[in-house]
Amino acid sequence: MTKVLTINQSVEMGIREFLKFLLDKSKVKGVFTLKKLNKGGDVAYSLITRSDELKDTVPFFPLMPINAGKLLSRFTMNGATSEPVAVVLKPCELRAFIELVKLEQGFLENIMFISATCGGVYPLNMVHDGTIDKNLSQYWTAIKKEEIPPNLRPACKACTEFIPYNTDMTINLVGNKTLDSQCEIFIESKKGEELAKDKDIKKKYSEKESKKKNLDNFRGKREAEKKKIFDEITPKLTGMDGLINIFGKCIGCHGCSKVCPICYCKLCEFESSDSEYGPSHYESELRRRGAVRVPPNTLYYHLGRLSHIAISCVGCGSCEDVCPVDIPLSIIFKKIGESVQHMFEYIPGKSITEKIPLTTFKEKELTEIEK
Amino acid sequence: MDRKIGVYICECGPNIAEKIDIDKVIKAVSPLDDVSIATRYKLLCSEQGKKFLEEQIKKNGLTHLVVAACSPRDHQHTFMTICENAGINPFLFQLANIREQCAWITENKEEATNKAIRLTKAAIGRVRYHVPLEKKEIESNPDVLVIGGGIAGMEASLHLASPQRKIYLVEKTSQLGGVVTNLEKTFPDMQSCPKIIQDKIDQVTNNDNIKVYTNCEVTEILGFFGNFEGTVTQNNNEDKTTVGFNVGAVVLATGCALFDPTDDPNYGYGKFDNVITALEFEKMNLAGNIRLKNGKTPKSVAIIHCVGRDKKGYCSEICCMYSIKFVRYLQNKIPEIKISNFYTDLCLPEKSYQKFYEQSRGKKNDFIRIDSIKITNPGNKLTITHNDEQGNKKSHGVDMVILSPALEPSVDTKKLAEFTRISQDDEGFFAEEHEKLGPVTTSTEGVYIAGCAQGPKSIQNTLIQAEAVAGKILSSLIPGKKIEPEVKVAHISESFCIGCKTCLTVCSYGVITFDSTKKVCVANEVICRGCGNCVAACPSGAASLKHFTFNQLRQELKEAVL
Amino acid sequence: MNNSSDSSEDKGVVIQVKNTQKETVNDFLKKAMEQGVFDAVLISMKVPAGDSFAYVLLTDKELLKDTFPLPPIMSVQGAKAISSITRRGKGNKKIAAIMRPCEIRATVELTKLGQIDLDNIVLISMDCFGVMPTPSFIKDPEKSLKKFEDAIRIEDDTVMRPVCRICDKSSMVAGDLHIGTRGVQKDAFFIVSNTKKGKDILDKLGLISNKNIDTWLAKVKENAKEKQKKRKQAHKDLQSSIKNLDKFLDTFSHCINCHNCMRACPICCCRVCYFDSDKMKHPSDDYLRIAKSKGSIRFLPDTTIFHIGRMVHMSLSCVSCGSCEDACPMSIPVAQLFSMTADETQGLFDYIAGKSLEEPLPLTTFIKEELSEVEDVHD
Amino acid sequence: MNNKNSNSDILVIGAGIAGIEASLMLSKSDRKVHLIEKNSYTGGMSIKFEEVFSNMECSTCMISPKQQDLLQDKNINLIMLATVEDVKGSPGDFKVKIHKKPRYVDMDNCIGCTACFDPCPVSIKNEFEEGLSTRKAIYIPCAGALPNVPCIDTNNCLRFQGKDCQACQDACMFNAIDFNQKDEKIELNVEAIIVATGYKLFDPNNTPHYGYKKINDVYTALEFERLYASNGPTQGKIQLKNGKTPKSGAIIHCIGRDKQGYCSSVCCMYSLKFNHYLKSKIPEIQIFELYTDLCIPGKSHQKFYEKIKQTGTTLIRATDIKITQQGQKIAITHTDEKGKKRNIIVDMVILSPAIVPNTDASQLANILGITCDDLGFYKEENQNISSVVTPKPGVFIAGCSQGPKNIQETVSQANAAVGKILSASQEGING
Amino acid sequence: MKKDDDFMPKILTFLCNWCSYAGADLAGTSRLKYPTSIIPIRVMCSSRVDPLFILKGYLNGADGVLLTGCHPGDCHYQSGNYHTRRRFAVLKKIFENLGLEHERLRLSWISASEGQKYAKITTEFTQKIKELGKNSTGTEIFL
């Protein structure tokens, strides 16, 4: 049984109303959510402090311009905010942020999370080719019916962690047939309860006990889709040849690491002088191979990045969104990520106290690995 | 600077010369970049060999040296010394092991030669990236902070104090002496405890070089071996006064606590009169007044061993012996008394203990092996119900029950472990550095543990540990002598570190701290042991290990597989 | 290297094409390698999957047959490839690099920035007809390649990237040797030497620079003139579309701060970009304060400062190669904007990025009497 | 040697763990140490063990770095094959006479190539391996022993038996073999002495009812240690005398406890360790442990016991144990806890004997002017003051020569003995 | 496949200074025989072995990479090898999932007295690598 706050408006209006209430009542000093920037339909995360600025917000717009976990890390990197801020974000973004907090890249204090059961988002290129708006109504129809909307990013289609962890409030989006008339906000924490509590609230909002929707059906669909997508990539992961075929077209822009919420290093090891070849290095490689790709280390970069982040990869799909040459990064990283996480029964970002597997160990484990 | 690498291949008599085509190795490595000379010699570790190498370095103006010979475990030290004598930094040297791991493992000369070429090339590839490392010397403070004014803390202090070395002895309670002040006699030779402890207290208080702080607690310890800063807070009055001082080492001698039998309802402790703990009995005995609650002298007593052992999961080593000592107390003071000992296993682990036990047995003393026990109080008497060896239920009525509880970590353990960045073992005691070889040292260099704070032990063994701590400090923290830390240590680049603390979490020695203003991790090179765990853990490449840097190893492995 | 237009001889070598132009270029390189003029060649090659191209440094002559001197896309800017080889210093091998003029020009700029050591490098440029946008190419590489080859045959630049369509330096001779194919008969092309290094190579190969190259020069000039016109017009259009701040911001509103443009840019060679450094990381309260003053801010609010800042840092060396736009996942016309700005800023100093090694970077030098127009006039 | 500094030298007797530990510490404090070892190798008893309880750490890995340090330490004068003959004087000025037997192999010239072994015609039982393998007359006790320099056993060497053999000398390329080495008398002047001469194990021949030496496949603890050791005679393969793998085994605790009259404190733990040894090599083996009282003091030891219990071992509290041959197998009759007579049949028996004083303990005590207690261990002056102090000022004891103890306690005592010495000689301290 | 007999793999072997390197030395001093395919790289602790070194070695054409260290619980630096084990497990899992020949990576605990085990493991591993054949990364251009 979870406490639910019901606002008799559409989810979009209702959540705006709630955010307005939070700002107007000074319960928070800022709201961090997606906002339309212009008539062109550009959507970006914004930090809003005045409630009149909320009118253009689109908290559950099916797009992830950049992983909000990464942005929150930038926001709180140099210390917790001294004033409360409400953040509306997707489950994978929240998990990314939790993971970053564990890595000392941000602070949770004074941040209130509003998340939702997530139906997934569209690829970024739908923004510039202008097709995203056309897809919106079909998106919400599918979500209501607990279906996977077509044209979503592969990472989202294959996402089975669509229910947020560590959130203070959750909005039910998936399978919610009353999206257009009712906004139900599930209160999931003490902090959430504090925020929703107010004299005024009673007049405007009704309070009831409700069971969070069982989404096993939807999960099943996602699992099936994930299997399909993984099955598609698996035959391509045939060792060195397969990897060269997949990663051969990489132009080395490292955009994938730049947008990856987990890649938090100041200077990526693969961009450091340690990863450069000196002239003698080239010459010895040439002696052996007869030819060498320049700049080198394409596979080393991707495999190395995998070895660094797979354990914490939240499968948010940002990497693939920005890849200028359409390498199916999100699926490869998700597949590998889940396989290594599974070894330690670890779900990145699920728990704030659980240690990241590579920072700890058990004396009795993995004994089969040694021969 | 131009590198001039000299490559010297040791024949090691026939050991290498007959198994490896040395000339082929020379031919293969001579044309490599920076190699200015590659040659062979019959036995480089011999006196002539050493002289030869030294002369060669000087004559050829070598800047780097590679020797292909035996295992570094044998002669790395020898050749580094030669480098030093010849005027090049000993770290600009690399030894290729072409004997133990090459010549001696195959009968195939061609294969051995190929491998030797690889190993030598790898050493050359690596040595090119070596940088000179200099031994550092760190000023150190010989003074010592001893926490805990029990017998361990006092013993350590007395052994350490000298005009060149001040000792700050901090005791939480108002008086020195610790748990021993409650005891009448020691086991097994029944010496007088008040005398022993008073002697120590007198020696400590009369020693000008020991400053005692009673009613005081340590509230902060910063720094590292040779240069700690401790803060002590006085609990005397309302306004707490703090004292700070610099010391070179910290001794944790905080003793232990007794398991609280209230936790186990079987013993009736706290519920029934005349069920008392060992410590309560010691005090009663010391006061010369073994009486029941009603003032009468007990006619029968049960001593129950191993109280709390199940819960704690370890044998406390001394309970059997002090229980037997109680038998002696009782026999002395109330000769006609009937004593029953209930035990699970008799633990008498010292050369004289068994004799002590045997001599304490008597007609009126039973030693009964049990596997479970329950104390009830149906009438005036306490009733002990237990299963005997045959599995039969038996009952005894006694006037008094003495519980011999397990020893457990004292309450301050966790706090002090955090202060000193050492770990606690699974039982909650301070964890020693190494179960066998480092019983009184800890993972933080300069922090030592003595006595029951490290685990249950007798007075005798407690004193041994206190003296052991003294030995450790006296041999490594010498007044006027600087500390020479390891040189092959970790370093974290401030500009590349992102402060994720991954390195910090994997370090076993508390070397890495987090600078919260700069938000970067910092490795204390003075206490680093140079394992390199943090380096492999760092995703940014900000951490590096001197002499085992990314580049050095990369070059080595690249040449090895080329 | 000398200023090309002043000192290049008006003569060149004519090479007869056998089979295809590509094969002939390869033959030339092979011959040069066999004669020890070069030890290695840096050149484009199809990647194994066939869906893109990559620079390859090769010493194995047999591999030359698989190379693709001017591929249909510029997946990696060639200057970056040369920098990767020589940033740590020159090697022992003499390397010939076959690239487009804009890549050679970026190479010259990076040399001035200390990122390249040209001592053992011979730069060979070729007349460039433009490249296709990488994102569109990789959608269907096979079809795109055909489209590209057709487009070159009929000299139709509509499939090429916008910056290529208005490139007026596509035949600029900036390296040691230049291969001229514009307006030359199908069965031949010119090799023109631009430097002493280039001339020496021709000499070593026994190639005599004695053929008249007037037809090529005329065609090049005509092409440049036409492109200059188009370029002016395009810049004018672009300028009007961003004439106020709002419009400017709108153009960049897609930007998701991925900084791919910077990473793909050959000139942006900083190890850590200033705009990714700690200097751009502020305490949360600062962000909140700014938000409060405006009611709402985009987060991160660094988009504009990044792009304008980057212009400040690199526009004087921008060679209008278009790599940034190729790499932009949001299809922002970054290259068009940057190349327009570059024309303006470089114009201030009569500087053409990559034209000459001798000319210092404008911000590393000054002339006492210049730029008075930007100063305040005190009445 | 009349230099005043020589009086700050320390004599350490015994290069086992205690002696090594004490020597290294003293060297670190800039003391010159003379370390006397009667054997040709360092490390004492502990290098015979493959693993040590309770963390089952590899013993060689644990000790060999210390041995290496010892050999490279310039402050430590390691005198091997040596015994103390006479001690005179008082604290600060002991005059010690050492008898050093020749190794007949030059420590500096020998490079440890072992080329001299093969040609030696002699083959005798290797006592280091408890006679489970053979060695030559020129030998090192086991692979990996340190220093890695052989020694000639003159009792068995043909040359020293009057025959004309110099096979080893001919095989040596480094002129390391020197038959002309002579016994040496060394005189030292030292400030203090640490005695760390260790222990031996109770000889089960004194308790014939256990069938030792009469029944095949009844082993002592040390024999079993070597059987399990990866550098031992079977390279760690646990096998019966007939080469077969045992299907069952019994470990008998407290061998000799009755006779000796004390509990040796470590036998229960090392017996449990043997259980682990057996299970790790032969997972399906059935094991019985017969004990009287389980003595597992120490904070981490019970956990080890519980872990062993979980592997399915049968632990029997037994008395009246008698071991007899029964066909190919071994029968163990005993009385169990409930007083019932029982009989178990196993393939292999391991006896865990008590720790007893070393053979020459009392002789050395006489030389040093210290005393032995009634058990034969060195007697400490007064147990409660410190167990490392002897009644003779300036002479300290450490390790099992003082009484049975585990490695941790041994190291503590070594540390403590050093603490005593260094503390007493701090400047400005009297006594 | 006929050429297999001539194929001498290159197996990069990381050894920790305290246990495994001593064990490998012991194999030598005991004159145990094992293939010369094994190329030792000495590090102070197995935990110094960054998974990137293994990756790097693999991409540089090592036919196999063998990582050795003290047995769990025996680490000279307390717990380094437990971290090593996790890192190795992660890398191996990545290899498995990418279809790379994870059999070319191996982790083995070798104590200072296990010369025998070292010889056995290295012989076995070399045999395994011979079955797998040459690692193609050594000649690949587009890595």
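Order as written gives the chain letters A, B, C, D and E; numbering starts at 1 within each chain.
Basically, a residue touches a chain if its C-beta (ideal position, glycine included) is under 8 Å from a C-beta of that chain, and two chains touch if they have at least 3 such contacts.
Keep in mind the model is a prediction, meaning the values are calculated, not measured.
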| message | Under the document's definition of touching, what chains do chain C and chain D have as common neighbours? | response | E
| query | Measuring centre to centre, with centres taken as mean CA positions, what chain is farthest from chain B? | reply | C
| Across the interfaces A-B and B-E, which one involves more C-beta pairs in contact? | B-E
| message | From the centre of chain E, which other chain's Cα mean sits the farthest off? | response | C
| What chain lies closest to the overall centre, CA atoms only? | E
| said: Based only on mean CA positions, could you tell me how far chain B sits from chain C in angstrom? | reply: 63
| said: Between chain D and chain E, what distance separates the C-alpha centroids? Give it in angstrom. | reply: 35
| query | Which positions in chain C touch two or more other chains at once? | reply | 47-48, 54, 56, 58, 63
| Multi-chain contacts in chain B: which residues touch at least two other chains? | 73, 506, 537, 550, 554, 558, 562
| Touching two or more other chains - residue numbers and ranges from chain D | 55, 57, 62, 112
| note | Pairwise, the chains that touch are A-B, A-C, A-E, B-D, B-E, C-E, D-E
| chain B-facing residues of chain D, complex | 17, 21, 25-26, 28-30, 52, 54-55, 57, 62, 66, 68, 72, 108-109, 111-113, 115, 173-174, 261-263, 265, 293-303, 306, 337-339, 373, 375, 377, 382-388, 403-404, 406-409, 411-420, 422-423, 426-429
| request: Note which residues of chain B are touching chain A in the complex, please. | output: 33, 495-502, 505-506, 514, 519, 537, 539-542, 550-551, 554, 558, 562
| chain C-facing residues of chain E, complex | 141-142
| field | Partner chain E, residues of chain D touching it in the complex | value | 50, 55-62, 64-65, 112, 114, 143-144, 148, 229-231, 235-236
| In their complex, what parts of chain E are in touch with chain A? | 51-52, 55-56, 59, 61, 72-73, 79, 82-83, 85-94, 96-101, 106-109, 121, 136-143
